[in-house]
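Chain nomenclature is as follows: A, B, C and D, assigned in order of appearance, with residue numbering initiated at 1 for each chain independently.
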């Protein structure tokens, strides 16, 4: 790949453009990892509008059956992890994992969606699709974090909240809303990272954080490509076309100000190297946390709200 | 009834003894009602240790089928009342009523157990025996009160929390504990009144208040007389004997420092005159509220905890 | 991935308020009576035969709820942008223009100061006729500003929702209206102002999963569909047998999700009583 | 009142940990093996055949959990009063004296400073052998003081419960130990100290309905009965068909009420890990 002066200039322009869009430090994690080659590759990718193929590649990698899931990262990132179970009311939702973790010599509360690797676990984990009980478990963990001053880390990886009869009857919509509100109210710092599929309401329920990161090949979207295609193209087979239109890839999410930084993945994608992916994720989470920890709790909460209040584009 | 000098002296002694037991104003509501005759009658009753018959009379009146229930009081005490429904998770428990009420030109949050008058309503209200969902509804109302600075009033009238399979599975014990904790944390002032049966954990769940009152013929107890008799006397028929032994009547509860004041009832008991009973209750609730409202929230919370922390008798 | 189940906060054409769209909007789905517009106006668009609640357009709703002449609209000039240059079978900009022409509205939510039963409040009302009441950046921003104004004036916010969900043509930015409006409600809470959420038919997906569920008091109209995922999608994706009243207000009440189901004719005095409860002067 | 259903926070003779009391305490209810005390000691009183967890006396539990020699008991002199001069078939004072002689304990809870896996904590342990582990004023006061000491020293509180409920011989004062211990936990929260609640068999009624359920983390031993109302009373009063695992730890875990079921042999390292999580130095 040639790197002429014009590309350099383009990258610079892009960086400036992104920096203007958001007044937050860019590409947290990328710089920290210190790999100039990777930074270049990523900037190149960003300099050019990702093509429909690029976007679809992200969709495929985000859903790759070998992609690391929350617990794969937890066991690599944490020195110790004690999982907490149950919503104290009705159930323990296996599609969400919550617990206390030791990272860099301190305790954090970690919450994440959990998919299953084999058929049996997939079924058990309900493909990472949460019930209201899962959000209540998450909220209980958030409360614990707030009481003890533990930072909150969330890992987002779900096709979406489960669209079943019982889930609806137990208040799926309401608990997605209340889970967000609980995160908005947190006195402690919080960092979310989309590590695979950031599917709609089920994803954003645990992603209202001080910093929201996204892995290079993760997707974050209001609807699945298939769902979008089925509605707008009246043909679920047009998923690739739909994905290209609504742009769920990390670069576009960064450009739109939805995420604060992109977490690099090892060559070929996170599925190719779980350890490498975990190391890069840990670096990025740590850096993002270090970024928001010095801020006073009330001010941090104000900034957090301000950040989400600023999202969207409209004409006045 | 003769009122010789010795009885007078006895009453005085009793008052002093009670005042020492608790450093709270005594007999709130009695004085306010301004009826010297009733005050005398009550003091007389208190001067003499209530007999087994007196205690059993309370048990019978507390359970009297015509005794006013929470909603009977609400419609007489409140200028307007908007009931709130549901725990936002699973159900609306009809054994607990919660809502916003207008009283003396201001808004309060009112929570109370609700029994039914006829067979159909009794079944619907589950005889005033709550499920965990009922305590969650109460907690939601407490939260609303705290957010908006509304004082909390609770009316206690239950045989106890429902001892059923589903109730257990949904965490009966845990929610009784958490409901108490929610009341302990309240920033707003709170007053509870036992208006009928203060049955065990189901009752105390909503009775952790700044001031706890008890109607003259209400009972407040750790176990039903029948239950106690069945265990200790191995004969549920010995209920009267058991009641005399564990003393669930208002006078004993006041003497033991468990309640802060006794709310007088009309001649013959609350069931004989709902309007009269409501007027006396409203006066007492208002006076108790006025007593705790001027205290700063943090200090009030500290005092509330201190009050309950002081309960119990042991040898050191 | 095999057996993918599609889940979404998006509005679906399938979940239109009056079924498949073949029925005339003034033909009652409950009893099949047919009405002229002027016949339904005096009944607040409630079927005189069977009590079915027909949808109400935003301006009509305001006329039904607010004291005459008190509604002062704000942010009327706000319009949706097209951040993704979204084009499916048609361009998003084209759909927007068409919706504006058809409804006379700038987007799916109107907001402004009002008084209801002589109590001042901020009033925000959604209109399903504008692209299925879908929530994009403009709806989110207008709702958030309504929270700010309520907080600033120290009055309650009353909001009537009617929405198929997030507006997928704005992609991820439409999803971000969930946390955005949640944050706005949190700020309203901090200002100690009440939020009365009135869910009308249908209140679903992204709107149900954000501000609509955060009311201090949540009220619904009879028969309204209140569901994160609508019955058709649930049925299609899970093959479960659906209860007859799946997702309806009555089912939501039974499961503890709404404080009251209030028939339209009683809504105004009911809200008036609530505003009195939350009045600061009192 | 007709059809009265009896509900209570009281311990019932019927709900003894080892059934009807006819079985020898060292005969395993799971596999009917019989053991001498010295056979069960090395296994921490867990049946080597089937894994059944026999009850553990308070001092044995402390020996199992705390680092050797670190437990420093406090409030050992506290004794129950007899506020009601309670007399049923026998006097309460007589029952107390008998329990003290039989168990060598002042009441049903022991508390004091300790360290577990070299982490300092406050440790409170209940003993079912003392009047069914029932909670009267002394148990309530000792638990509350343990909260205070934990808060004062800035260390977590670890509490092992085993209780049939409130002690009815103290009447309403025993019920008041519920709000009292709840307030004590609230103060512990305010001091930002952790509370690790370990529920052993049985943790029921008033203890479950107060402090035991308020742990930051709630752990149970396998097979423990954790119920507000025990199976026999539920069966008698409601005539419902009870599930086989009614009220057991495993059922509680399924319904989301406990964070983990930890076999006794793993309890000490598990608590050690939790203490590390909540350690302030870290």
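Things to note:
What we mean here is this: a contact is a pair of C-beta atoms (placed from the backbone, for glycine too) under 8 Å apart; a residue touches a chain by one contact, two chains touch by 3 or more.
If you're wondering where the values come from, they're calculated on a predicted model, not measured in any experiment.
Shared contact partners of chain B and chain C are A.
Fewest steps needed to get from chain C to chain D, stepping only to touching chains, is 2. Pairs A-D and A-C differ in how many C-beta pairs touch across them, and the larger number is found at A-C. Greatest centre-to-centre distance from chain B is found for A, with centres as Cα means. Distance between chain centres (mean CA atoms), chain A to chain D: 42 Å. Rounded to whole angstrom units, the spacing between the C-alpha centres of chain A and chain B is 50. Centres computed as Cα averages put chain B at a distance of 29 Å from chain D.
Contact of a single residue of chain A with at least two other chains is seen at positions 88-90, 170-171, 174, 178. Residue positions of chain D touching 2 or more other chains: 255-257.
Interfaces, counted as pairs of touching chains, are A-B, A-C, A-D, B-C, B-D.
For chain C in complex with chain B, the residues that touch the partner chain are 189, 192, 194, 216-217, 253-260, 270, 273-274, 276-279, 282. Chain B makes touch with chain D in their complex at residues 63, 65, 127, 129, 159-165, 167-174, 176-178, 180-181, 184-185, 199-205, 207-208, 220-224, 226-228, 230-233, 242, 245-248, 252-253, 256, 258, 304-305, 308-309, 311-316. For chain A in complex with chain D, the residues that touch the partner chain are 80, 82-92, 100, 102, 105-107, 133, 137, 144, 147-149.
Looking at the complex, you find that chain B touches chain A at residues 88-90, 132, 136, 170-171, 174-175, 178.
Of all the residues in chain C, the ones that touch chain A in their complex are 1, 3-10, 12-13, 77-81, 83-84, 86-89, 136-138, 140-141, 144, 166, 168-180, 182-187, 204-206, 208-214, 226-229, 233-234, 237-238, 240-243, 246-247, 251, 255-257.
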